[in-house]
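There are two complexes below, and they share subunit A, which is joined by subunit B in the first and by subunit C in the second.
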Partner chain A sequence: MDWFLWLHAEHGIKLTIFYDHWDRGRFIKGIWTTIHLSFVTIVLSIVIGIIGAWFQKSRFIWIRTIVQGYIQFFRNTPPLIQLYFFYFAMDTFLSGIFNIHGGILGSYGWAVVSLSFFAGAFNVEIFRAGVEAVPESTVESAISLGYSRRQIYQYVTLPLAFRVCLPALNNNLINLIKTTTVAYAIAVPETLYVANQIWSDEYNVLEMMNVVWVIYIIIVGFLVWLMHRWERSTRIPGFGQ
Partner chain B sequence: MKKQIKRLMTVTGLSLALSFSMVLPAMADALDNITDRGKIVVGVKADYAPWGMRDAEGNVVGMEHDMLAEFVKRVSAATGKTIELEKVVVVASNRMQFLEQGKIDMFIATMSDKPGRREVVGIVQPDYYSSGVSILAHKDSGIDGWASLEGKDVCGIQGAWYNKEHGLKNGANVMAFKGVPEVEKALLDGRCAGWIYDDSAFIPRKVNEPEKWADFDLAAPTVDDVPWGAAVSLDEVDGRLGKLLSAAIIDWHTSGLLIELESKWGIPPTAWLVDMQMKCLTGDPVCNDILESGEAGEP
Partner chain C sequence: MNPLSHIINSTDLPVMKPFNYTVSAALQARDIVKFSLNKRTALVLILVLTAWLGIDAAYAQVQGDPNQTILQTLIKWTPLMFFGPPNEFGGFVLNITVSFIAMAMGTFMGLWVGIGQVSPNKIIRRASWLTTQLFRNSPWLVLLFYFMFLLPYTVEIGGIRYDIPGWIKATFALSLPIMANLSEIVRGAINSIPTGQWESAQSLGFTRRQILWQIILPQCIKRMIPPWMNWYCILTMATPLISILGVNDGMTLTQHALAAEARSEFLIPMYLWLMTWFFIYSYPIALYTQRFERRFTITT
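This part shows the complex of A and B:
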């Protein structure tokens, strides 16, 4: 702590997050918000991806159309605009219908919804690629064994598809963590938001930029490490890496 | 191919070196550069009615823009050349960075003159206006005074110093947005109980749009009256551009131009401006271009 005070006094490097308890408190909260926002949106986006990919194979054309519409809507618009749209437009509209004052969801809630749907749209396509990579003969074997459609998806197609699409899924989830930073536009107190507050108060833009940079390398690095472990543990001999 | 890679690496290396070097030392001073270019690039606000705002045609206008127009005439006179004005719209969280990076020559952008800021940009003396911090809250929000902020959701603007000082430290949950329109929307939607901001921004709202703000009142006494300073880059504050700006502000105080502009833009009269005019007329040291200890913005 004294060392950081000395660093400021001697070299002008101002890392207030290490000695000002207000700044430290909000910065730690900010990192924590990034972590759980990332976690919740990752889980939800995978769920959306799995369900979406299943619906894409539906017998009913209207279900397939809805999924296709959803993918086009979320894949073709920037995440920041989706966030603003949900928070400022959608919420006002819904509050008007249900006559609720003060908004249906808070900024964190809308960030979860919008980011999950955003990453979910990509996940649907990623899982579809995986599902389509499962050989037709494998599915036919399952049918001949008396599996139902849902059972085939659950026990045969999905586990194989999952393994095939893990590298692509990896990419998308990493992108999702990085995209959580846009939530600062609607005042979700995540890492970039608090860093911005701190550097506005303390005029230490350069220092905080570097800190934020390191924080994201660590968080994303952890996810990459985890996903690689998972990839290795689900390795299928003769099926590529 | 090899050559291409080599070239690519040189370019990457060069751009890295460029981005890491903080500020390139200026050969000539700012006024020379302005004369050469034939134009002055100034940071202005467009989200702070009536100091800087957009009119119906989308032009940025306001009290600070009038001051600026007057100042550009002085620059033209000083350089003996017609100097054009290029406005760059800034917000609270980037105005100082723009000046540091050399994107703008100076700014008049509703900035409070704070000691910490003087280490980053060259705030010219004397200051040209003064305002304090208050809370605009809904009548039913239960906010009455600063102590009542405990546990309340309070909207704010990203980059404002008082978010921490008066919001966070009073126990409020500050939700800071990028700009004023977002905050207004959130406040009117009932997403936050109050808005922590400059009292100078609340008063014109109550005056100009009484219906829109009928349910909202100033709910805490104004604190931290801090003067506003115009800024040039740090090495220009004692240079020719800084001195020219100082001289202009002293004239504006003495002649009463600032008081005239205040009433032109419908801003309720500020006692501070009247006091400064008196001081300038009587030759008080506050009204010179040197910053004495204890002057302006010291907490």
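This part shows the complex of A and C:
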């Protein structure tokens, strides 16, 4: 702490987050919001992916068309505009319909919804490819053992598919964490937003920019490490390298 | 879609079938095209559109201003949102321009960093690896902020001051993550060429530089095109981020238009309208990417 004060006094490097109580508090809260937001959207997007991949196997063409339309829409439009669309347009529209004053969800809630749908669109494709990698003979054996369609998906197809998906899923989830910064645009108090507040108050743009950069690389690095461990522990023997 | 796909696809599979998620997606995308060109679907679409126009006009009548239908408002603002303010560079055209320039710069830099990653020189290899990892793992928006604040607002060349427009700095910032990701693609492609190619070229007396530029890289191009196109799509989808930093792109102008109208029922159509442009631009590229990918996985 004294060292950072000395750094400021001697070299003009102003890292207020290490000695200013107020700045440190809000910065830690910002990092926590980023982690929280990432975690919730990761879980929701995986759920969307699993359900979407299930629906893509549906017997009805219109269900498959809807899922495909959802995927293509969210993949081929910018995530920032999706976020604005949900936060500004959908919120006004829905609160108008249900006559709710002051909006349905806050900025955090809409960021969760929008980012989950965005990453979920990619996850559906990833899981579907994983499901298709499961050999028919495995599914047929499950049928002959008397499993129902849902049970086959839950106990046979999905656990196998999940393991093949992991590298692709890994990439997508990392991308999702990086995309959470977009929530800055609708004033979700995540790391980048809080850092912006701090450098507006303290005039230490360069220092805070570097800190933010390092923080994101640490968070992303942690997820990469975690997913690689998971990938190794659930590896199918004889599959892959 | 997945930069690792060529590695994953090329494995022997005792337990599972190959994992490649773009191939069958292409077939399904084709189904969608067929589905939407279907006569019945076209009829439904036309009916929905007519119904919407009718409701739109009726609603405007009820509101007491028949000249303010949603359709008319969209048409009124479209030139601004698309081409930017008169005599100024902006709008959706700016988004596309930024994506072109950033892609060109990113490809050029990424090629060199990627070659650096397979250099026999340890220092160059480590430095290229670090550059790649650093820019690959940091969020685009953070990079945008970083370079918008770091780069100067004006430069002096030969005593004359030139202003650097915000969008040029933004373009540079956007080219960096492209550089890092293409560097990985180049490295992966070079490593995917069998070592026999290197060895036979060596035995024919080629130097290392000649082998790389005349034998290895030409073979890599085919493998690099699908991921390269994919990254172009991702970059185009990231260009509205520059609106956060105050560049007059399509997104900023749409918000100005919405602020000028100040009517909440325009929100959904306007945002959807803007998203439609991005979709129309990006979806064919995505389809072609899938087609290329499928063609190349069969032949290799």
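Please note the rule applied: the second predicted complex is superposed on the first by the 240 of 241 C-alpha atoms of A that agree within 3 Å, B and C clash if a C-alpha of one lies under 4 Å from a C-alpha of the other, contacts with A are read in each partner's own complex, and residues count from 1 in each chain.
Everything that follows uses one rule, which is that a contact is a pair of C-beta atoms (placed from the backbone, for glycine too) under 8 Å apart; a residue touches a chain by one contact, two chains touch by 3 or more.
Remember, it's a predicted structure, so these values are computed and weren't measured experimentally.
By the touch criterion stated above, A:Ala187 is placed in contact with subunit B alone, subunit C being left untouched.
By the touch criterion stated above, A:Val205 is placed in contact with subunit B and with subunit C alike.
In the superposition on chain A, A:Gly109 contacts neither subunit B nor subunit C.
Of the two partner chains placed by the overlay, subunit B and subunit C both lie in contact with A:Thr92. Counting the residues of subunit A that each partner touches, subunit B and subunit C differ, and the larger count belongs to C. When the two structures are aligned on the shared chain, A:Trp213 is found in touch with subunit C, with no touch to subunit B.
Of the two partner chains, subunit B is the only one that A:Gln197 touches; subunit C does not reach it.
Residue contacts after overlaying the shared chain place A:Gly221 against subunit C, while subunit B stays out of touching range. Common to the subunit B and subunit C interfaces on subunit A are residues 88, 92, 184-185, 196, 205-206. For subunit B in complex with subunit A, the residues that touch the partner chain are 22, 92-93, 96-97, 116-117, 119-120, 155, 158-161, 163-164, 168-169, 175-178, 182, 185-186, 189-191. Here subunit A touches subunit C in the complex through residues 61, 64-65, 68-69, 72-73, 75-82, 84-85, 88-90, 92-93, 96, 122, 125-126, 128-130, 132-135, 160, 164-165, 167-168, 171, 174, 177-182, 184-185, 192, 196, 205-206, 209, 212-213, 216-217, 220-221, 224, 236-241, going by the rule given at the top.
Note for the complex: subunit A touches subunit B at residues 22, 26, 88, 91-92, 95, 101-103, 106-107, 184-187, 193, 196-197, 200-203, 205-206.
The residues of subunit C lying in touch with subunit A in their complex are 1-5, 7-8, 11, 13-21, 24-25, 28-29, 31-32, 35, 134, 137-142, 145-146, 149-150, 233, 236-241, 243-244, 251, 255, 258, 264, 267-268, 270-272, 274-275, 278-279, 282-283, 286.
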